[in-house]
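Heads up, the next two complexes both have subunit A, just with different partners, subunit B and then subunit C.
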Partner chain A sequence: MTSSTSLLEIRGLRAAYGKIEALKGVDIEISSGEIVALIGANGAGKSTLMMTIFGKPRARAGQILFDGRDITDLETHQIARLRIAQSPEGRRIFPRMSVAENLQMGADATETDETDRAAGLERVFTLFPRLKERMTQRGGTLSGGEQQMLAIGRALMSRPRLLMLDEPSLGLAPLIARQIFDAIRTLNRQDGLTVLIVEQNANHALRLAHRGYVMVNGLITLSGTGSELLQRPEVRSAYLEGGRHG
Partner chain B sequence: MTTIPTPASRAPAAAFIFKKALISALVALVLFSLMIGIRTEAGPSGQLIYWTRFGDLAAMVGIVFGGSIVVELLRQWWGPVGTVRIVPPQMQSALAVAGRLVAPLLLIFAFLVPVIFYDQRYILDLGILVLTYVMLGWGLNVVVGLAGLLDLGYVAFYAVGAYSYALLATNFGWSFWVCLPLAGILAAFWGVLLGFPVLRLRGDYLAIVTLAFGEIIRLVIINWQSLTGGPNGVSGIPRPTLFGIPLTPGPNGLAAKLGIEFSPTHRIVFLFYLILALALLTNWVTIRLRRLPIGRAWEALREDEVACRALGINITTTKLTAFATGAMFGGFAGAFFATRQGFISPESFTFQESALVLAIVVLGGMGSQLGVALAALTMIGGFELFRGLEQYRMLVFGLAMVLLMIWRPRGLIGHRAPTVFLRHAQTISSDLVKEGHG
Partner chain C sequence: MDYFAQQVINGVVLGSIYGLIAIGYTMVYGIVGMINFAHGDIFMIGGFIALISFLILVSLGLTFVPVILLIVLLVSMAITALYGWTVERIAYRPLRHSFRLAPMLSAIGMSFVLSNYSQVAQGARVKPVPPIITGGYTLLDSNGFVVRLSNVQIVVVITTIVLLAIFTWLVSRTRLGRDMRACEQDQTMAALLGVDVDRTISMTFVIGAALAAVAGMMYLLYYGLVDFYMGFVAGIKAFTAAVLGGIGSLPGAMLGGLLIGLIETLWSAYFSVEYKDVAAFSILIIVLIFLPTGLLGRPEVEKV
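On to the complex of A and B.
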C-alpha cells in the first residue's frame, strides 16, 4: 500500500519459551490502513509473534513500536489500552456468557465510554447481523462460524487501531471462512482498519492482504505484496500446492 | 417423549434388569460381608471377640437387589431420558413461576423468623447458624463461583476475621462496630497476600496452595500462644451493642431504655438480624459488582483466562480483587462468629469448615446467589433436622448429595442470568445447552 506512516514497527524481535527460541530476530512493518498477512507452517512462530506484540511472552531483544511509541516493555492490559486488539487462536469466546456480555467484555478492558460502546455495537451488528439475532444466546451455543464472528466482534468493541487475528478461518467451512475474510476486507475498506492476520490458509490470506510475510523457524524469509507472494514458487510449493480450496 | 417398550423388547429387558440387580447384589455382598456380616469388639480382657450377623447381611443384600430392580424399572418406565424430561413441560413453566417467587418469599420468611419462632431459642440459634453459612457461602461464591478460583482455605479468612475482632475487642476494648470493618479489611489484606503467590496457578495447583494457606493460618493461631492464646483460644469476647447500647439487663441496657422487660432472647433476635443484614449486604454487593466491569471480568476469568488476557483485561487485579472481596466477607462473618460465641479457639477453623462452605457453593450451583442460600439452608438446616436419625444422619446426607449430583450436576440452580441487557433479558437453562462446541 502507498500509505507511508507505519503504525507498527518491529525490529530484531526475539522471544523464547525457556530455552527454545521461537522468534530469532523478526523485522516487520505495518502501515496504517494496511492488511498484512503472516503465513507459515505450524510452529514457525506466527502466533508467538502476535502474542509477543501483546506482551506475553516478553521480548528478549528487539523493539516493538506502535505509532512511534515503544511498547516492548508494556503490560498486556496497557498495550490493549493503546487500542491494539487481538482475536486469539481458537476463538476463545466465553461459553457461559451471553453474546451481549461477550461483546461487552471486549469494551471493558479499554476505557470506552457509552457512546463509543454503542457505536462499536452498531458496527459489529452491521458487519455480522447474525450476532444481533443471537444477542441473548450463550456464547457456547453458537456455531463455529458464529463464534468466530463473535471473537472478531469482541475484539472490535475496543474500537481498535490495529486488529490482530490469529487463524480466523481455523476449523471453519470454506463458505463461512470466506464470509469472515469478506468481513475483514469490509472493515479495512470502510473503516480504514489496520489488520495483521496470521493464517495457515495462505491462499485466502494472501489474496486478502495488501502485503504478506512468510515466516520459517522464527525468521521472516520472504516478504512482498500479496499477489507477488502468491506467484513465488517457494510459496506455492510450501503452502499452496496439495489441492487447497480457494 | 418416552419410549414405550413393545412386548418383544420386554423379555430381554427383564433379563437385563435381573442381571444388573444380581451384579449389584454381588457387589453389596462383597462390600458388606465384613462391614455388616462380622461384628468385632474388644472383649473384657482385651482380646478380640466377634460374632456374625448374617441375617442383617442378607437383608442388606436383599435391599440392594430389590432396590436395583426398582431403579432399573423406573429408568425403563421413563425411557432413555436425561433428567430434564422427567418433569413435564407445563410443570416446568409452573416451576419457573414458582422459582421467581422463591427468593422474595425466602427473604420475607427470614425477616419473620424471629417473630414466628420468638419462643423457640433452638430455631433462632439454628437460623443464625444457617445465615452465617449463607454469608460464608456468598463470600466464597465470589472467589469460586464467579472468578472460578478454587479456594480450599476459605476458613483462613473466617479465622482472621474472628481473631481480629476477638483480639482488638479484648485487648483495646474497641466496640464491635469499629472492629467489624477492621476485621473485613484485615481479612481482605490476607486475601491479597494469598493472592500474590497464586496468581499463576490454576485448578488443582491453586486448590492445594489455598488448602495449605488455610492450614498455615490455623497452625499459626495454635502456636502463637502469646497473642492468640493458642489452643485455649480467646474468651470473654464482648457482645455486640446496638450502636453503643448494650443488650444487658442493667439500667443502661436496651430493654431498660425502651421501658420493656429484659429477656435474653432480645440478644438472640438482635444477632439474628445482624447476621441477616450482613448476609444481605454481601449479596447486594456481589449483585452490584457482577454488573460492573470488574464482576464481568471475574466471570470472564472463570470462563477463559487466555481470552481475558487477549482482551487486555488485567488478570492480576482481577484475581486479587476477587480474593480480597471474598476474604473480606469471610472476615465479616468471622467477626460476627466471634461476637456471637463469646469464645473462639482454633478448633472452629479446621479444613472441615472450608469443605462445608465449598460444598454449599458447589451444591448451590456455582455463581448462583439463590442456589447458595438454598444449599446452606439444606446443608446446615437439613443436617440439624436429621439429628434424630443419629448415626444414619451421615448416610442420609451422603445419599442426598449423590442424588443431587446425579440429577443436578451443576448444583441446585445451575443457570446464570446474564448481566448485560441490550434489549430484553432471556435466560437459557444450563440443561438445554452444553458448553463450548458450536
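On to the complex of A and C.
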C-alpha cells in the first residue's frame, strides 16, 4: 500500500538495547492527515519504535523516511527540527521549569517568529485551558493529568507535521483521558495533523484512529483500519476482553 | 570593630574571585555530572592571558587605564573561553558515554597538562606586575586604625556584580540559558525538542571558562602576580565553595564563594594565617554533615 502521500515510512527497522533486540524488522507507513494507532502489550517495543524514529537508540538496520527523505542517520535534534514532535513515555516534563518555559522549549527549535509562537500558545490554551492557569507554576508540581496536557502541549508548540503520543491516557482519570482523546481528534480534523499514537487502551485508540498496527515482541503482526482491528478475535482476546472495557 | 570591617571588605573581594570560579564548577557539574578538575587551571590560564595582553597593550603605548582594563578583560575572556571549549572537545566529549570515572580522570590529566604547559611556556617563576589600579578611599580613621577601600577592590566587586547580573540574565531569560537548564534536567528530552545537546554543553564550558578568566584577571589586579601553580589551590577553594553552596546551584556557588572568602580572611585575621585552609575545609565538612546537599542545593528526590 505504497502511496505518494506517505509522510512517514519505516522499512525493516531493527533496534536493540545492548544485546536485547527490541525491534526485529518493523514496517509501518503513515499518510498525511492520518491518525494511526500502535497497540500491543507491555514490552512489545512500541515506545522503542517511537524513540528509534528519533535515533535513540540508533536503528541497527532498516530505513526511516520522513516526507520522502531518509532520516535514519540524522542526529536526534535534527530530526526534531523537521517538525516531528513527541510526547514521550513518562511525559518527561522539565520539573524545575515553569509551565510557560516548558511550552517555550517546545517552540524554540522551529518557531522563531514571535507571532507564530503566540498563535501556537493560544492553540494549546484552547485545547487545555487548565495550562493557562498554571503558567507560572513549576512543571514538577503539576498533577499527572496536567503534566500529560503539558507534554502534549509542548509537542504541539513546534507546530509539528507528525505528532507522536506515547500512552497519552496512562494513569489518567477517564474524564481527563477522554478530554485528551477529544483534543487529538480536534487537531486532526481541524488542522489535518498527522498522529501516531501508542496505547495500551486499545479500545480507545482504535476508535480514535483511522488505521492501526498490532505489535508483538518487536514485530508488526496485524494491521488494518481501526474498526477492522476492533473486530478481529485475536485483538479482542488479547487487548480488549478482560480489560476494563470488556 | 574597625579591624573586623576591614577584614569583611577583604573577604568579600576574595569571595568574589572564588565565586566566579565556583560557577564554572557548578555549571559543568549540573549539566554533565562531572567535576571539571582542570577548571582551576583554566582560571590560571585566564590570569596569564590577562598579564600577557596587559603587557602587549602597554608596550603598544596605551596609557588610559580604563580602556586597557576593558580590552584585557575581553581578550582574556575570549581566549580563555577558547581553552575551555578545546578542553571539553578533546578531553571530555570523546568520553561522554564511557564509564563514569573516565572524564574525571581525563580532567585531572588535563589539569596537569595545562599547568605544565604554562610552566614550560612561561617559566616557573612568579610573574609580578606593578599595581595597575592605585588609590582608594579611607572609610574610617579611628585611633590610628584606618579602614580602607581600595580602588582595586571596588573594581573587583563591581565587575563581579555586573558579570553575575549578565550571567543570571543569560541563564534565566535567553534561549541558550533555557537550553542549558533543559539539558541539565533531561538531556534526552531536550534533544527530542530540537536542542543540540553537544553544542549546549560546549557553550557551558565556554561560559564557565570566560567567568574563570575574569577571576584570573581580578586575581592579577588584586595580588599583582600570577604563576603556573595558582590554579591548583584557587581551584580547590572554589570547588569547596561550589560544594558548600550546593553543587549544581548557581546562587549557591556565589554564596559559597563569598563564605569561603570571608571565613578565610576572618580566620587569618583573628587566629592564624597558617590554618586558614583548615578553617575553610572544616566549615565545609561541618555544613555537609548537617546539609549533605550544601546550603542551597536541592535534595535528590525530585524524580517524576
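Everything below uses one rule, namely that the second predicted complex is superposed on the first by the 238 of 246 C-alpha atoms of A that agree within 3 Å, B and C clash if a C-alpha of one lies under 4 Å from a C-alpha of the other, contacts with A are read in each partner's own complex, and residues count from 1 in each chain.
Definition applied: contacts are C-beta pairs under 8 Å (C-beta built on N, C-alpha and C of every residue); 3 or more make two chains touch, one makes a residue touch a chain.
Source: prediction; values computed, not measured.
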Query = Put the two structures on top of each other at subunit A: do subunit B and subunit C fit, or clash?
reply = clash
First (subunit B), second (subunit C), both or neither touched by A:H77 = both
Task = Going by the touch definition up top, name the partner, subunit B or subunit C, that contacts more of subunit A.
result = B
Task = For A:P174, decide between first (touching subunit B), second (touching subunit C), both and neither.
result = neither
Message = After the superposition on A, what does A:E146 contact: first (subunit B), second (subunit C), both or neither?
response = first
Ask   = So, A:R96: does it touch subunit B (first), subunit C (second), both, or neither?
value = both
Message = Quick check on the superposed pair: does A:L121 touch subunit B, subunit C, both, or neither? Answer first, second, both or neither.
response = first
Request  = Would you sort A:Q104 into first (subunit B), second (subunit C), both or neither based on which partner it touches?
outcome  = both
First (subunit B), second (subunit C), both or neither touched by A:Q86 = both
Query = Is A:Q137 touching the first partner subunit B, the second partner subunit C, both, or neither of them?
reply = first
Key: Interface residues of subunit A shared between complexes with subunit B and subunit C   = 54, 56, 75-77, 80-81, 85-86, 88, 92-97, 101, 104-106, 108-110, 140, 147, 154, 158
Message = Quick check on the complex: what are the subunit C residues that touch subunit A?
response = 175, 178-179, 181-182, 185-186, 188-197, 302, 304
Query = Taking the complex as given, what residues does subunit A use to touch subunit B?
reply = 54, 56, 75-77, 79-81, 85-88, 92-98, 100-101, 104-106, 108-110, 121, 135-138, 140-147, 154-155, 158
Inquiry  = Quick check: in the complex, which residue numbers of subunit B touch subunit A?
reply    = 293, 296-297, 299-300, 303-304, 306-315, 416, 418-426, 428, 433-438
Key: Parts of subunit A lying in touch with subunit C, wherever the complex brings them together   = 54, 56, 75-77, 80-81, 85-86, 88, 90-97, 101, 104-106, 108-110, 140, 147, 154, 158
